[in-house]
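Next up: some structures, all given as structure tokens.
In the two complexes that follow, chain A is the common piece, with chain B as its partner first and chain C second.
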Partner chain A sequence: MKCRKCGEPAAIELRRHNAAFCAPDFQEFFKKQVREAIRKHRMFEPGEQILVAVSGGKDSLALWDVLIDDGYRTSGLYLDLGIFDYSVESKAKCETFAAARGVPLIVSRVEEEVGAPVPVIQSVTRRPPCSGCGLSKRYLMNRVALEGGFPVVATGHNLDDEAATLFGSVMHWQMDALPRQSPALASTHPKLVRRVKPLYRLSERETAAYTIMRKIDYIVEECPFAKGATSIAHKEILTRMEEASPGAKHNFLFGFLEKARPAFEKAEGVTLNECARCGQVTTGTLCAFCKLSDQVKRSR
Partner chain B sequence: MKCRKCGEPAAIELRRHNAAFCAPDFQEFFKKQVREAIRKHRMFEPGEQILVAVSGGKDSLALWDVLIDDGYRTSGLYLDLGIFDYSVESKAKCETFAAARGVPLIVSRVEEEVGAPVPVIQSVTRRPPCSGCGLSKRYLMNRVALEGGFPVVATGHNLDDEAATLFGSVMHWQMDALPRQSPALASTHPKLVRRVKPLYRLSERETAAYTIMRKIDYIVEECPFAKGATSIAHKEILTRMEEASPGAKHNFLFGFLEKARPAFEKAEGVTLNECARCGQVTTGTLCAFCKLSDQVKRSR
Partner chain C sequence: MKVVLRNPRREVEVKGRRRVKDVLAELSIIPESVLVIRGDELVTADQVVGDDDVIELRPVMSGGSR
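Then we have the complex of A and B:
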């Protein structure tokens, strides 16, 4: 197999694009896909400070790498979930990356903010661990961005992540989640920053290849709480469909964004208030994060 | 395991209903589900003549059986696709059933109507065999109903069929197919009869159990052309999801019907004309059936 660009031996084949690339041309292809995502969804404005949420995994570090390389002004945000060795190691990966690139890294500890680390939150709430963890992450990303004057948070969600989330929403027809499924969510309130996913055009396999070619050291293990999560089962289903028909994931996600998503957008938006406790945005009186944090504190 | 109704030993467990039934009570449950489908979607009006499309398989014969038993005035329609032994045997099952119940059976031959049987249509059009076959079946069901004065055609599509069709439409976000996915399609033109699917609340396994308990002799083999069809792959995916989480198929289909389908209904409907050749309904000048039949005749 030869590189589509230069004709040299290919390092990676991309079946859904019916293409193969050598390592340098693949990295250029990868960056072009990120630039296309940014352009198409007007993710950033010139000179903006971008907060990049980094987990220490391949996706978020690949994203940060591309943004730094393309001259964006970025800071990393590492949320320490307190998940034993997994958190210790993933934090170290982020610190090493930030130090090598000379870029700032903000660290926020869930234990400090919620009153307990994720494993304790799980046992207190008796909800699936990903539930309280996701809620805390979304809340803290937004609050840290607001406090630091960042108008936008970028996350490393890739094509596989987005397709799996969509699959889950569709299997249950979650009418609240479907209109929110987008590579770019605008700010709908002064206390809500923009959220963008510049890797949504690239698969998990492609971000892994990019980080390896770029010699970025990342945490390979998955979060120990992710085992048995339905999102993983959904990823496996989509991966089997992709093997049978290359492009299946892409067509599912992009078909939704282009054709179906407009049908789910609500005529009127929800009313956003400020939480009586913390002042962050909520649809009720007390936000879900403050309720969670109350529940955790009462139990200790 | 004991029957939910009478406490006698159960003959079948229905995990998604968290229930088990003895054979007589399961048959009563089965009929109730059909009655509920008919009631909820106002499928039939009193005294109407119903054309029941029968293939000789378990679903359509189970449907016919329930409708006859509940006192509906029905005729069967067998479409002879000309698929070798499969068609010979499935026709015989329908004839035996009709003779035993003393109900009329209309037989229409695709070879006579299109100019060639399904295996030839496939090789001429070079499209997947299910494509020309489905088109011919929908056309002939409607035409035979019109000619015979039947205002409605009932088909044996079950929960698994409907969920698999929906799954395929969603994976490609087929914006034309999604609003048409319904247990009951109204007549939108004087030359278009109503189409209803009274088994949409019952799974494949449940219709199989019903026909076996009722000692209805049906053709067990699948159509030889169905092998490798994507609808079968989609059924397998849904069956694995059902095993992991009983009710998954039901929630997927019913969630769509209740919550999402309205979002896909078009503001304005399509304009329906009468085909210049056969007078049946089409969105163009010549209908797809006449075009297919022309293509078949030209090739012979």
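Then we have the complex of A and C:
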């Protein structure tokens, strides 16, 4: 198999693009896709400080690498979830990455903020671990960004993540989730920062290939709580479809974004209030994070 | 050849020279779900690997709350 651009032996085949690339040309292709995502959705303003949410996994470190390389002003945010060795190791990957590139890394601990680490939150709430974890991450990303003066948070969500989320929303016809799914979410309140996903055009196979080619040391082991997660089951289904029909995931997600999403956007938005306790944005009186924190404290 | 699998990390032995895609088929692994690494380089599914090779099948899926 030969590289489509230079004819040298290929390192990776991209069936959905009917192409293969050598390592240098693949990295250029990868960066072009990120730049196209940023341009198309006007993700960043010139000179803006970007907070990059990093987990120590391939996607977020690949994203941070591209943004640093392209000259953006970035800081990393690692949320320590307190998930045993997994969190210890993933934090070390982020620290090594940041130190090697001389970029700042902010660390926020869920145990300090919520009152307990993710494994305890799970047993207190008796809900799937990803539920309290996801809630805490979204809340803390926004709050840390506000406190640090960052107008935007960038996350490493890739094409597979977005397609799996869409699949889950469609399976349950979650009419409120569908209009919110977007590569870029504008700030709709002074206390909500913009959220962007510059990797949404790239599959997780492609982000993994990029990190390997760039020799970025990332955590290969999965979060112990991810086993059995619905999002993984959806990804497996979509990967089988992709194997049978290259481009299936791309068509599913991009078709939604370009054709279907506008139809789901509500004519009138929800009313946003500030939480009576912490002042962060909520649709109710007390935000979901403060309710979770109360529940954890009551149980201890 | 020695084939290294991840999550959890384990090794299996596959005998005989063959294409990467045939190794994957023999182990019932969907090609889209992995990258194949030899040394520190990626190899495509049409490349031939032999008894002396060590290849890693790196899963690309990550998940849970993202």
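To be clear about the criterion, the second predicted complex is superposed on the first by the 300 of 300 C-alpha atoms of A that agree within 3 Å, B and C clash if a C-alpha of one lies under 4 Å from a C-alpha of the other, contacts with A are read in each partner's own complex, and residues count from 1 in each chain.
Note that a residue touches a chain if its C-beta (ideal position, glycine included) is under 8 Å from a C-beta of that chain, and two chains touch if they have at least 3 such contacts.
Please read all numbers here as calculations on a predicted model, not as lab measurements.
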item: First, second, both or neither for A:13, with chain B first and chain C second; value: second
item: Which superposed partner A:160 touches (first chain B, second chain C, both, neither); value: second
item: First, second, both or neither for A:239, with chain B first and chain C second; value: second
item: Contacts of A:88 with chain B and chain C, given as first, second, both or neither; value: neither
item: Touched partner set for A:263, first chain B, second chain C, both or neither; value: first
item: Touch count on chain A, higher of chain B and chain C; value: C
item: Interface residues of chain A shared between complexes with chain B and chain C; value: 240
item: Contact set on chain B toward chain A in their complex; value: 170-173, 175, 178, 233, 237, 240-241, 244, 248, 251-252, 255-256, 258-260, 263-264
item: Complex contacts: residues of chain A adjacent to chain C; value: 1, 10-13, 15, 20, 23, 57-59, 129-131, 133-134, 137, 155, 157, 160-161, 164, 203-205, 207-209, 212-213, 215, 220-223, 225-226, 229, 231-232, 235-236, 239-240, 242-243
item: Residues of chain C touching chain A in the complex; value: 6-7, 30-33, 35, 37, 40-47, 58-66
